[in-house]
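Would you mind keeping the following structure in view while I ask a few things?
Read from first to last, the chains carry the letters A, B, C and D; within each, the first residue is number 1.
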Amino acid sequence: MFEVVAFYLFAALTIVMFTITVMTQQALYALTAMAAGMIFISAFFFILGADFLGAIQIIVYTGAVMSLYAFGMMFFDTTRDVVEKRNNPRFVVVLGGLAAVLIVLIVLAPIVTTDLNAHYPIDVSVGNSQAIGMVLFTKYLVPFEVAAVMLLVAMISGIVLAGKKMDKSLTLMADEEIALMHASSHHTPEEGGH
Amino acid sequence: MELTLNHYLVLSTLLFAIGLIGVMRRKNLLMLFFATEILLNAVNVGMAAISHYRGDYTGQMFAFFIIAIAASEVAVGLGLLIVWYKRTGKIDLDQMTSMRG
Amino acid sequence: MEIYLYTALFSPLIGSLIAALFGASKKTYFTGVLASGLLLTSFISSLILLTYVMAGHTVHVEMMTWIATGDLYIPFGFVVDQVSVTMMMVVTTVSTVVHIYSIGYMSHDKGFNRFFSYLSAFVFSMMVLVMSDNFLGLFIGWEGVGLCSWLLIGFWYHKESATWAANEAFIMNRIADLAMLIGIFMMYWNLGSLQYDVVFANISALPMPVITWIGIFLFIGAMGKSAQFPLHTWLADAMEGPTPVSALIHAATMVTAGVYLVVRANPIYSEIPDVGNAIASLGAFVAMFAATMALVNRDMKRIIAYSTLSQLGYMFVAAGLGAYWVALFHLMAHAFFKALLFLGAGNVMHAMHDELDPFKMGGLKTSMKWTWILMTLASVALAGIYPLAGFFSKDLILEVAFVEQHYILYTVLLLTAGMTAFYSFRLIALIFHGDKRHLEHGIHPHEAYTFMLYAMAPLAILAVIAGMVFKTPYYLMVTELLPAVQYHIHNHTTFWIMTIGTQLFVILAIAYAYKKYAKAVKVDKKVESGFFYQLLYNQYYIPKIYDEVFSKPYLQLSKLAWKQIDLKIVDATVDGIANIIYQTGEKTHTMQNGNLSSMLRWMVIGLVVLLVLAVAFTAGYNAVNLRAM
Amino acid sequence: MQEHILSILIFFPALAAMLGFVVHKDSAKAYGITVAGIEFFLSLWLWHIYDPMTSGMQFMEIAPLVSAFGINYMVGIDGISLFIIVLSAFFTLIGILSLTETRRVKDLIITLLFLEMTMIGVFSALDAIVFYVFWELSLVPMLYIIGAWGGPLRIYASVKFFLYTFTGSLVMLVGMLFMAYFYYQATGQWSFSLLEWYRLILPVNYQMWLFAAFFLGFAIKVPMFPFHTWLPYAHGQAPTIGSVILAAILLKMGTYAFVRFSLPLFPDATVAFMFPIAILAIIMIIYGAMVAYAQEDIKQVVAYSSISHMGVIILGTFALNVEGISGSVFLMIAHGVVSGALFLLVGVIYDRRHTKLMSEFGGLASVMPRYATIFGIMMMASVGMPLTINFVGEFLSLLGFYKQSHSYTLVAGTAIIVGAIYMLSAYKKAFFGPVTKEENKNLKDLNKTELYGLVPLVVIAIWLGVYPKPVLEPINNSVEAIVQLMHDKAQTPEAKKRIPNLANTGTMNSVSEVH
């Protein structure tokens, strides 16, 4: 019973949070709502007994991803309202809903009709994290390593892409120098910003 | 009342729909990224639920990798976004039309 | 004997090939003499074969396989029997004469060597035609003579009319050849062979409609070669060729190939007397039809050509009525005197600088005495005056018609005999008698070379004696193979009345012709502008009708097929499809406006469509499966 | 060497072509002649060691390519393919010998050698995938030849040629894949081997679909009405050498494929589609001839005449008896020789006058007698004069189809009439009459190089017309095997009736057939 209550509670919260994320005009609201939504999502993982996944969810999303976004938003100066041109919002909603319903239909159809066999059955004798580790480092070792390399590549590329002119430190420069630097560049953030 | 897989799948679908709506209506690139995160998370919920109800770790494994990919995506995506912003001073989708066919 | 057979067959080919080697080089008498010599060889070999056949033997050789596939087996096989040896004799005799004559006739022509090459090639084809022992071998010769005829009619290829006539002749013959091919196909699929002996031995076992169709198709083939109505127009136009060609091909040999075919296929036609009657009726019609056109024509060679046509009609009457040996006999006699007539006309043409209108000639008997004698002789023979060849062969056909109780045919043929006499002597009178009208055109005629006259002499002798001397031995020989039917009118009184009556009728016609044309030519404007005169003069307007009904519409239709159908419909459709695809790309590329947001929207639409499809198909599949269960 | 003769024949020209890149451009032609000459002699040797009495495949070679799906490099020849291979080698040689092109000769010769590889590959392939690969590869050199050395509209023509034929062959590929799939369903194994496929008896409704798929690919290549419109453009724009190879060899791929694939694989469908296809063939014959008659450009006359003749070939193929199929295979070779020669001849006059309009000529017979003679001989061969090569094929084709239908054959037989009409009138326009144009008065007659190319063709045209046995006999033996196979595989009573059974009757007794 507790699980049911928890499920409905978190489901409602998640939906609200994500709706805010999608609908709000304020970038800051969106960010905050999403961070909250992410944490609520992890609740489902815990309910489902996927403790490790839940932990990862919190760490990665709220820890890493959200802080990345936060830094990004600082960079873009998104404190002001996000003005967006809207065209035909009803169409958008209908389309999204339709897609969702169809996916459910397709996903449910085989589950309802046939019995699937487990490749890697859940072993109740050991804890979730341990079991995950067992599977991850045996059957999924290669994908895991590939994912690791991918993350590394992503990290490096993120630094390289975003980090140009990082050798200049704005805090150590005089205001004139900064103004000069901005003036020399045609597309400065300020031009677009203000 | 017992929770079934279908509950989770419906939830997952709802979240996915929200994500899709976001993807379609957002013009700001950063906001678009948020929407994609929602999509990924919606799928993750489904994965974990199936994993649970079928007693199979494969679903969790997938969710795990999806998280990893989402993280990389954000890293690279934000990097590109910053470069773009430095160039043009805008992150509005309607202005990115250099791919016009 | 085989060696004589091969000699007779291949000598002309060798002559042709040697002459062809010199084809593009300058005129050398050597080629002409050589070709003539080789033909003489062929003639002598044929003569030896004739004596052999007269003794009651036949020669049958199989040289080599030609086409063999599936059950079809066609060799190059040759047979010398009573029928083919007749044709061989006719062909070699006339062609030897014509070759020698041509040395003189063509001596001023640039294409002298080429001419002999073609002419000998023609003789070879003709020999293949008559000597083959199967229908496809005959078809080789059949097409071969068609080819040579094309080459020779169009010999003076710089003349538009000559090349046009050559093409007309070839194409008309092709129409008939198609029917012949169909006949051959029918024979093969029904009898499994095309050898004469196999076909003739088994033909009577076939169902009646099949034999009838075979007979009809073969006869249509014969109609083309023998220029029977309605495929007759090419023969008159073929007179564009050099005159020796007309003598050899379009009078003596090639055009009689159709008669030969019917005679050769007599076991088939004996089975189907109805078709035979049709052939005879058509023959009588053509005899009359051609003779009427000859009455008024103003072209010397065309007149003779129409007379040839008319005589071919006679032969078909005989063949159609089952009197095969009579047809063949008239074929032979006709070959001699008609070739003689043409060669004489050639002399006149030479003398008159290629003038063909007899109304512009006249009084030539003084300057061209021998030609006059020879041509008169030939005309007498043609008219069928006793005791020349025509009397024995042509009047025999009249008797056949009478004996077989086809009185309508008889009447038609009798009338035609009168017309024949009239137009033949109209020509003689116009050319050789009366005023020297040619002087107005500044032409001074001269007699032909002596050796040309000597070359014509054998034909003249044959035209005189062929009927009288050859009739009985020929009958005895050829009836070994052909049905031996004697056509006698048993009632003596009737016989004598008929014979003398016919003779008188013919002589009267001749006299009328002389009276009307020998002295001064009076042109009766009223008659000439009359409907019938114009109708005949314009050959019943048939060439014009063909031109309007077939040639021109065909060209129009062809142009239409190309410009409208091919380019505007078929090709345009293909290009249209390509364009639709291209345009679709052009139109939809605005979708790719580079706006990420709209692209995402498209992506979602695509996703939805795919999902709908997936659901629909799964549902459909399940429904089918459930029903199957 | 004997057991690898086919691979050598296929890949030797390609290897030589690659080596050709390093040959100096002045000696390119000599190099090309040498390679093509060696190849031709190899093909003659192949003919020599070929056993004409055997009806099955000879000189088979098998090497696995993708064993999981049963795709093998598998080649072999029988009497049907043998002569087309010899013809391919022969025409490549003749083509290079009589080459008058001056622009980028080296590239042209290398392209031709590649083309030779694909042609021989197509005709010797016994694996559907290998066949398909060579089939498609043959488009590339041809596209290049038309596109690089062609006339003013060459880009349009070559793109049309390529896309058109490519579309057709894609459908054919789908058919092949389905065929392999059916084979898999039937036997549990994948195989693309033609010989394996022969053993498969398909349900009739499958046969219909597969026949249709293969048909589209082949019909466009032939080209059959109404898919023929690429041909006039391709011929009109291609250089002489391109037209020669296109007409002589490439078109034969389609008809050859009918004999090789459609007939033995789908006998019931073949019988079911016989009359519709016969109608198309008749349209090709008459319509092609009519359009040819209307042409003003002599090359287009020859191009449309090809369509007309290909109609006869199709008709013979669908006669479904030994006489007809042998005739059509023979006619493929005959038409190759004759149309190849005619295109070479048109090229000769084009080189001299740089125009192909007949109105520009007239009276050429007196200016160029040798040229007129050879053209005349080839024209007569094209018209189907007995004792020339075409007659044997046309006669047998029509004879064969007569067994199936009397009236159709009667209509189709008009080929000999309409063929004479357009050919003779074209010849008349170009060669007869007075010389009217000043430029034509001093034209040079055929020179030595041109005679080298043309005289052998004349010799063949007459030799095989008089004595077709050396070619007809091996063809006949292989065709008998195919007909028997078709009869054995046939399921519908209609097909059993239409396709003769050779095993029982042996040689047809002339009397026993009589009722």
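For this structure, a couple of remarks:
Here is the rule we use: a residue touches a chain if its C-beta (ideal position, glycine included) is under 8 Å from a C-beta of that chain, and two chains touch if they have at least 3 such contacts.
Worth saying up front: this structure is predicted, and the values here are computed from it rather than measured.
Annotation: C-D is the more contact-rich of the chain pairs B-C and C-D, by number of C-beta pairs in contact. Computed from the mean C-alpha positions, the centre of subunit B lies at a distance of 60 Å from the centre of subunit D.
Note on chain placement: the centre of subunit B and the centre of subunit C lie 91 Å apart, centres being C-alpha means.
Centre-to-centre separation between subunit C and subunit D, using Cα means, comes to 35 Å. Look at where the CA atoms of subunit A average out and do the same for subunit C: the two points lie 97 Å apart. Residues of subunit D in contact with two or more other chains: none.
Listed for subunit C are residues 601, 604, each touching two or more other chains. Residue numbers of subunit B whose C-beta contacts span two or more other chains: 20, 24, 26-27, 94. Pairs of chains that satisfy the touch definition comprise A-B, A-C, B-C, C-D. Interface residues of subunit D, counted against subunit C in their complex, comprise 163-164, 225-230, 232, 287, 290-291, 293-295, 321-323, 326-327, 363, 365-366, 369-370, 373, 380, 385-387, 391-392, 395-396, 398-399, 402-403, 406, 409-410, 413-414, 416-417, 420-421, 424-425, 428, 431-434, 466-469, 472-473, 475-476, 479-480, 507-511, 513-515. For subunit B in complex with subunit A, the residues that touch the partner chain are 1-3, 5-11, 13-22, 24-28, 30-31, 33-35, 37-38, 41, 44-46, 48-52, 54-58, 60-61, 63-65, 67-76, 78-83, 85-91, 94.
Interface residues of subunit A facing subunit C in the complex, by the touch rule stated above, are 92, 95-96, 98-99, 102-103, 105-106, 109.
Touching subunit B in their complex are the following residues of subunit C: 589, 591-597, 600-601, 604. The part of subunit B that touches subunit C in the complex is made up of residues 20, 23-24, 26-27, 93-94, 96-101.
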